[in-house]
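In the two complexes that follow, subunit A is the common piece, with subunit B as its partner first and subunit C second.
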Partner chain A sequence: MVIPMVTSLVFREWASALDFAISVILTLLVGYTLALISRTKNTPGLTHAMVIAAGSWLIAMVLSGVPYMLSGHMKSFLDACFDTMSGYTTTGLFLLQDLDHISQGLNMWRHLLTYVGGQGIVVLALTFLIGSTGGAFKIMVGEGKEEKLEPNVRHIAVLIWRISLIYLGVGTVVLGLIAMANGIKPYLAFFHGAYIFMSAWSTGGFAPYSQNMLYYHSSAMEIASMVFFILGSFNFALHYAVWSGNRKEILRNVEIVSFTITVLTTFSLVCLALIQRGVYPNAVALFRRGFFQLISGHTTTGQSNIYARTFVREWGPLGMLATTIAMAIGASAASTGGGFKGLRMGIIVKGIATDIRKLLSPERAVVTGHYHHLRDSVLSEGVVKSAALIVVLYILIYVVGAVVGMAYGYPMADALFESVSAGSNTGLSCGVTQATMPTLMKIVYILEMWMGRLEFLSVFTLFGFIATSFRSMRHGKAAA
Partner chain B sequence: MRATVSPRRGFLGMLTEVAFACGLIGLGFVVSWLFFLGR
Partner chain C sequence: MKKLCAMLIIVALAVLIAAPVLASAAQPLVLSTNELVENSYKWDGKTVSFKGEVLDLMVREDGTWMNLSDGNNTAMGVFVPKGVTMPVISYTEDYRTAGDVVLITGVFHRVCVQHEGETDIHAVSVTVLTRGSVKANPIHPDRVVWFVVLAGLLGLVMWLYYRKPGHETKD
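Showing the complex of A and B:
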């Protein structure tokens, strides 16, 4: 909150700076109180780690909503919580009113949330706050970044931040220069560069203006942003492998192969839909709008260079379905993105292929499947089962969100599109997400964003922990 | 990043990643162009 406060001071936005000052004091008070209450000498167990991971997102959502609420741009505190959860989970849906006239400080805050959320609030805490690392790796596992890059957990956090900060520097300069070339004043151009980079790299999808990427009318900006959000959607273990000299890994990795195939397949469907309907007059327009939107959805970024209702009015059911499938599949595991993840898709497809080979082979033949993710691994039934289970849970939250939307009268295609966008932490909208939408839908989308980001396990552990605590309290009372 | 990631390797790694992303974007353009030709 100090960075947006300083930004507000630089731009002489006194009211906004005061909002952040109040929020800083409140956050410090709550933080110290919680630290005092929960002080312990014990190392956290796996259950505690998962409860901390899931719970910290909820506490961060509420506290980070304070500057939003104080800004006067939110209709309710629930809307503020929606926007902060959307930011932290790198979703990109928003209910903020009059985005084009918010302070630079609040704009910085929105984009910082998504950048910090992308790397994980817990990683931030690990990097700067925790000295010893006894139970820290368990907290990291609870947050869905389960790749073991290095044995030391603080080192993992530092590594993730170092890669991200190097790209932040490069991205801000590149996008800032493009913004300058497009006529934005130099001092503002680099702020825009930083905002768009943070949004792209974190596969967040926010932009400083309500028209999102359409505001810039710049193909150079769109292509540069595409490069950064494709890179942001990569597994951090892959970044590490490539940066360590194992450059061929990028072509062999099961996630990247799966991602490339699903991108090209879903984009072919989009092309088919758009050409059938004659939406764009030439191949360049088709590529610029169609591919940008599709890959923005597939990497679960959510940046947009068309208006929200264009999906419904021009892209039609096939175009929307292809984009919905791309969003549902999503990016890579241990990345800033959401969705099923390319790794799981690759494993499930390989599992099916292995089963078919088993069926076609003689009874006594030994058939084993393999996949390559940093090293060659044998495809065990347990791995396929775990991948399938997580995919089923994602489908479940997508369907629940869509059913709630349909119950409020939204057409199926719109309700499914928006629900998948929230659950996969994408942030593309076909116009359903608005401050006027029913409160229950806002709550369901918040839960979808939260569960989708944490990949269920730690959220279920939190629910189990609360239920167990409640039950023991009841038993305690009954015994008394 | 310990000794395993030298600045040179890191830079080459970054270039490799950017080249891959550009290649994928290029493939996207080829697909759009092919669909447009075959309409």
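Showing the complex of A and C:
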């Protein structure tokens, strides 16, 4: 909150600066109060760690909503919480009113949320991936307890931030120069560059104005942003492998193969829909709009160079369905993106192929599947099962959100599109997400964003912890 | 003579009634972003009018892009080609300024061929309706009070926290 406060001071937005100062004080007050009342010498266990991980998102959501609320641009505090959850989970849907007239400080805050949220998730995901599950998870919870950090995990976490900050510098300069060349005032161009970079790299989807990428009327801006959000959607372990000199990994990695196949398939469907309906007059227009939207959806970014309602009015059901499928599949594991993830798609498809091979082979033959993700691994039933389980849970939240939308009278295609966009942390909208939408839908979308981002495990642990606490309290009362 | 006077009065009245009707027929309808996007096929290629606050001006080689805000989170890109007279825009939108409100007349494109499929309006005339102005950016006194009260509370809690750092529970 200090960075947006300074931004407001630089732009002489005094009222906005004071709003951030109040928010800083309030956040510190809540933090110190919690630290004071829960001071302990004990090391948190895995359950506590997961509860803290899931719960901290909720506390962060509420506290980060304060500057939004004080700005006067939100209709309710729930709307403010919706926007902060959307930011932290790198979704990009928003209920903020009159975006085109907010302060630079608040715009900086929106984009910082998404940048920090994106990097936080990557660190979290990688510690799961690289460290031993329990210990690594506790590391995320016990930040600052340096003596307990495993060197490799800490090293990776620092490296991720270093890579991200290097990209932030490069991205801000590149996008800032493009913005300046496109006619944006020089003193604002680099702020635009930073905003669009943070949004792209974190696969967030926010933009400083309501027109999103349409504001710039620039193919160069769209291409540069697309490069950054594709890079952001790749597994950071892959980035690490490539930075360490293992460039062949790009061609062999199961996620890249899976991503390439699903992008080509869904883009073919988009092309079919757009050509069938004669939406665009030539290939250049079709590619610039169709591919950008599709890849923005597939990487779960949500930046847009068409109007939200264009999906419904012009792209039609097939175009929307193809984009919905792309959003549902999403980006890579251990990236800033959401959705099923390419790794799980690759594992499930390879699992099915292995099962078919088993059926076709003689009974005594030993058939094993393999996949390549940083190293060659044997495809065990457990791996396939856990990948399938997470995918089923994603489908479940997509369906629940869509059913709630339909129950409120939205057409099926629109309700499914928006629900998948929220659950996969994409942020593309076909016009359903509005401040005027029913309160229950806002709550469902918030839960979808939260669960989708944390991939269920820690959220379920939090629910289990709350249930257990209530049960213990009841038993305690009964015993007394 | 009386007849002539009566005829002149009738003609004058007819002109007075018909003139605004004819004028409005010449002036295209002022449409909103929502109307244009929702019914893009209907308005595609038609001459329309659009009124909005100037968010920004981006000068390019072949013309100027103006983003015009016409409501809550709705805005339209308007391209003013070189050769079309562009009035002086005093203010563009900023947190501390209200941008000039302009009325443009131009051709709406559902997917503009020149701009690779963008939904835009190519202006043929631009008129400034209202000059923008500097907005008041006051600090609310109640917010200052909140800041002071919260700062005081924070000071107290921090003092309690750092007073006995070793005073921890162990369960």
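Points worth noting:
By our rule, the second predicted complex is superposed on the first by the 448 of 480 C-alpha atoms of A that agree within 3 Å, B and C clash if a C-alpha of one lies under 4 Å from a C-alpha of the other, contacts with A are read in each partner's own complex, and residues count from 1 in each chain.
We take it that a residue touches a chain if its C-beta (ideal position, glycine included) is under 8 Å from a C-beta of that chain, and two chains touch if they have at least 3 such contacts.
Since we're looking at a predicted model, the values are computed, not measured.
In the superposition on chain A, A:R364 makes contact with neither subunit B nor subunit C. Touch counts on subunit A: comparing subunit C and subunit B, the chain ahead is C.
Residue contacts after overlaying the shared chain place A:Q104 against subunit C, while subunit B stays out of touching range. Shared-chain residue A:I230: touches subunit B; no touch with subunit C.
Of the two partner chains, subunit B is the only one that A:V242 touches; subunit C does not reach it. In the superposition on chain A, A:R375 makes contact with neither subunit B nor subunit C.
Shared-chain residue A:Y32: touches subunit C; no touch with subunit B. By the touch criterion defined above, A:Y215 reaches subunit C but does not reach subunit B.
After overlaying the two complexes on the shared chain, residue contacts for A:N282 are found with subunit B and with subunit C alike. Subunit A residues 282, 284, 286 lie at the interface with subunit B in one structure and with subunit C in the other. Listed in rising order, the residues of subunit A touching subunit B in the complex are 150, 155, 159, 162-163, 166-167, 170, 223, 226-227, 230-231, 234, 239-240, 242-245, 247, 250-251, 256, 260, 263-264, 267-268, 271-272, 275, 282-284, 286-287, 290-291, 294-295.
On the subunit A side of its complex with subunit C, the touching residues are 11-16, 18-19, 21-22, 25-26, 28-29, 32-33, 35-36, 39-42, 70, 96-104, 182-185, 209-211, 214-217, 219, 279-282, 284-286, 288-289, 305-307, 309-310, 313-314. Listed in rising order, the residues of subunit C touching subunit A in the complex are 33, 37-38, 40-41, 55-60, 64-65, 67, 69, 72-75, 77, 79, 93, 95-96, 110-111, 113, 115-120, 137-140, 143-144, 146-147, 150-151, 153-154, 157-158, 160-161, 167-171.
On the subunit B side of its complex with subunit A, the touching residues are 1-2, 4-5, 9-10, 12-14, 16-18, 20-22, 24-25, 27-29, 31-33, 35-37, 39.
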